[in-house]
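Below: a set of structures, written as structure tokens.
There are two complexes below, and they share chain A, which is joined by chain B in the first and by chain C in the second.
Coming up: the complex of A and B.
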């Protein structure tokens, strides 16, 4: 415990002075309480809110995944929806065509995404900036069109009617009264696991290699770091994490469609990371939560002022611009990224 | 012989950045490489360290042909370098810069990191020890929590040397370590290089500060237009008419030092 504390000294302060472990238990209790209230009193927590929470957690997993590429490796990817989609489609197909267990389909989806990450990483080894954006974007589009044009994958309409997964013989949707509770707990555990993994990797040999590549590739090579290997590795880690979210998404929505691969989704994931704060675990999770709740909140403005149109996109855009202007390093990001941006 | 190059040629299109360079250095030696700007000194470093492999010719390090070997492998074989245009990991702390340099001496993977294995703990302790040792060596241990880019220029150069040391090299290539340093810092740098020699490191030094070169180099190699035009003891180089013509100039820059 002693050494653990020392190693985590750089990230002990999460919320109200709690460290990571304490935050985990407090949040877990909160989630369980919400589920419990839900089960005892009908409609205590509206289904709509639960839906938003599930989406927050889902997006947090995606943001944590992209954080490896856009945070530690410092590269921009506009195609991360591709791994989300691959995870979702793998789960959907396995459940629908082979009747495989949902829990087995998650690792299969992760492996599929990791394999797909290799050609993407290899083709983008020597490029960065705009060129990388184009490559990642194109990569995502390829998969979208494959899904649209393959009848077995459901074409434009996608695959529907995916069975909900079982936990100890009980359907996950039956754990809590409003079929969201199970997903909340599952996704919360996923976010925690990925956060822990990220936190461990950040200060490991691998993590330092990522940092070095971001800062200076030539110097990194001079330090004995195999750039090719670690770039591919980062992409694979990133892909597996996003695929995990995809698998849950498929089960949660009980269907998959080519929309999963939309560039809007990719942009959204990138926004979570940038607004939340690159390289900050807390930052990307909260960034995802903030940007998932914000549009929902903005939607309600229409009714609040009984406006004739929905002003949410306008307000959302303005808010993003203001946020980037005020805190270019992200809401919970480390300050020094700011200075770097000013120099550039 | 620790390092030897045989007829190294490096061509960028029609430009011969290095032309048939023969060079050698023995264990424990300090050799200075001097020459006008653009004479191919840094290119020579890049060829040796594998960053831009030679067009033709051979580089032999510790008896092994490393001409086509990747820079990361060469580093792990025990060759380290500093950069003329400082290339630190600017947004990382000074200590982190040293830890990154330990990369080639560590071999833990993701799994070790995840379970925080014994190997991982051992390596972390070693890294901590290396941070203390290497930063103490150049005298900037008290700055270990600074961002590297916030260090004063002279200290950044020192950190480059410390970072090179952290890779546990036997041969160190210094590329203009004194550039931009004030006289006092140059003095300290000379002290560091002397200490490196005492500690049995082998050093190749590119430098324009002739006072420093004459003081510490045991042998000098002179480059001009991508070719080696002279080689010898400091005293011989000072009197060499070709070197005076192409680089040193008519002024007596080195007598009194050598």
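Coming up: the complex of A and C.
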């Protein structure tokens, strides 16, 4: 399992002499082999592990999405669960009320999230730094309350009973022996596509504009970069990527609930990026994987010693504090942050 | 009309508590320049300190309030010592302070949850609950509960004392100066570190007092810090960062607006209204109702 994740991450940073395409194919073969073994030998890969893998990939998409805002644009956002939730709720509502195809609902969710991103992006033009963080937080909370209080959106309980999507007439859950295989492949392709997209943006005119805005907004403006355009663009890209993950989440869990909008989720997405390493595609994917596997591991410790509380929730905070002290740029991050500070 | 006034009166005590939290936020923000995300957690711990003191030591209201304020002050100073001071020394507080605060608040919240159990706790009865009639119009009466009255009164007293401290003592004046320009103050020979510690102590004491008061009104639980902290921050923004009177006004307005929302629109949106107010104020008039125009801190 681990090797698959690592491979997909190396794709972008070209480790072990492999180039992007080669890494992609290696990891694709790996994931297909896993699915094949799973189909032929019963219980070769426990369902629980498959569930964790799907979550890792899902979180990787979210982390890649936030990376545009918190990485390239250098704004901390504590409300990215809002786009995740909008994607999930759009898919859920479309599937439930209009009976639309799942694949059509993904772009609709992406558009909805992109529209929701506009006010947030515009407020980032007026308000900066820590005040922006509270705005993003409050924005997400407001959506949560709207979902809780709207009966059509299912209220506190959310919407349940979302049908699993069809691939060429076959249910995605029926592709592999266990119902997770199809999602594994789908999400893997999604992570690859988003990584490739990120990698291309990073080296494009747009990417350089983001970089300039992050380093010095006033200087960037003086160079003739349209700050408003690029800030809105970054927020929209970020929102659409997160909404994509949300749509898959809705289908995978077969339900949506207001918990998707919880601040805990937003904080989780932010920590994937911060712990993994801002602006590093490999870093954020590995950060998401690490912070998905580690809590599961600690859950088992909790069960083993039959503790009354979850040790992960406490360790999580300590990890953040220590990380900021020892390695503020994240595990796989570039030394960018420190260098910036020394200059300042 | 009578119902409306009654709703307004009901919101006052809650508003007073919000104001106390708000001042805790803004004092630290003014001087250290970061949003102290752990403030909600200090408020929660203050409530638990009060609960321990009143339940197990059976102290009367004033000594237990003072004791929990002292404890809150120490907790806040410990947070600064463990979390922010090392970063300040390295000069990376602006970039890493927020994540550190986030981590600390997570740790404190869930440690408290592990230690005190997530079940809600109630304070013993400290003041006899009775309804005091303020005015009677016809056969309808506008009443205020004695507990609410005491909470509101104490909150205003604490804030007035703080205002006096800021205006009359040298330390208070130094704090005001520090919120304007820390660099120059250092050149004037003020010990910045001890000033920051005092700021955290005051902030912690106010947070703990707010927690104590909330314990007198409602059940307390380890998760209550997050929402209350954010609401305190919205009050601070509404009233204007750095202004004690502004925080008082902001807090009372939010308390009343929340109660009116619950009464006339929907109880479900009661908690959301504070966030909407905060976003609107930040976008339309970032200096708040009574604050001075602050310099961009990040």
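FYI, the second predicted complex is superposed on the first by the 303 of 344 C-alpha atoms of A that agree within 3 Å, B and C clash if a C-alpha of one lies under 4 Å from a C-alpha of the other, contacts with A are read in each partner's own complex, and residues count from 1 in each chain.
One rule holds for everything that comes next: a contact is a pair of C-beta atoms (placed from the backbone, for glycine too) under 8 Å apart; a residue touches a chain by one contact, two chains touch by 3 or more.
What you are looking at is a predicted structure, and each value in this text was computed from that prediction instead of being measured.
Once chain A of one complex is fitted onto chain A of the other, the partner contacts of A:303 are absent, as it touches neither chain B nor chain C.
After overlaying the two complexes on the shared chain, residue contacts for A:201 are found with chain B alone; chain C is out of touch. Chain A has more of its residues touched by C than by the other of chain B and chain C. In the superposition on chain A, A:215 makes contact with chain B only, not with chain C. Within the superposed three-chain model, A:328 lies in touch with chain C and out of touch with chain B [touch as defined at top].
Applying the stated contact rule after C-alpha superposition, one finds that A:317 touches chain C and leaves chain B untouched.
Across the superposed pair, chain B and chain C both touch chain A at residues 337, 340. Only residues 49, 51, 70-73, 75-76, 80-81, 83, 87-92, 96, 99-101, 103-104, 106-110, 112-114, 116, 120-121, 123-124, 147, 163, 167 of chain B touch chain A when the two sit together in their complex.
Chain C contributes residues 34-35, 82-83, 86-87, 91-92, 95-96, 98-100, 102-111, 113-114, 117, 226, 230, 233-234, 237, 266, 268-269, 271-272, 275-276, 278-279, 282-283, 286, 296-298 to its touches with chain A in the complex. The touching residues of chain A, when paired with chain B in their complex, are 3-4, 7, 197, 200-201, 203-209, 211-212, 215-216, 218-227, 233, 237, 336-337, 340.
Interface of chain A with chain C (complex): residues 76, 123, 126-131, 133-135, 137-139, 141-142, 145-146, 148-149, 263, 267, 270-271, 274, 308-310, 313-314, 316-321, 323-325, 328, 337-338, 340-341, 344.
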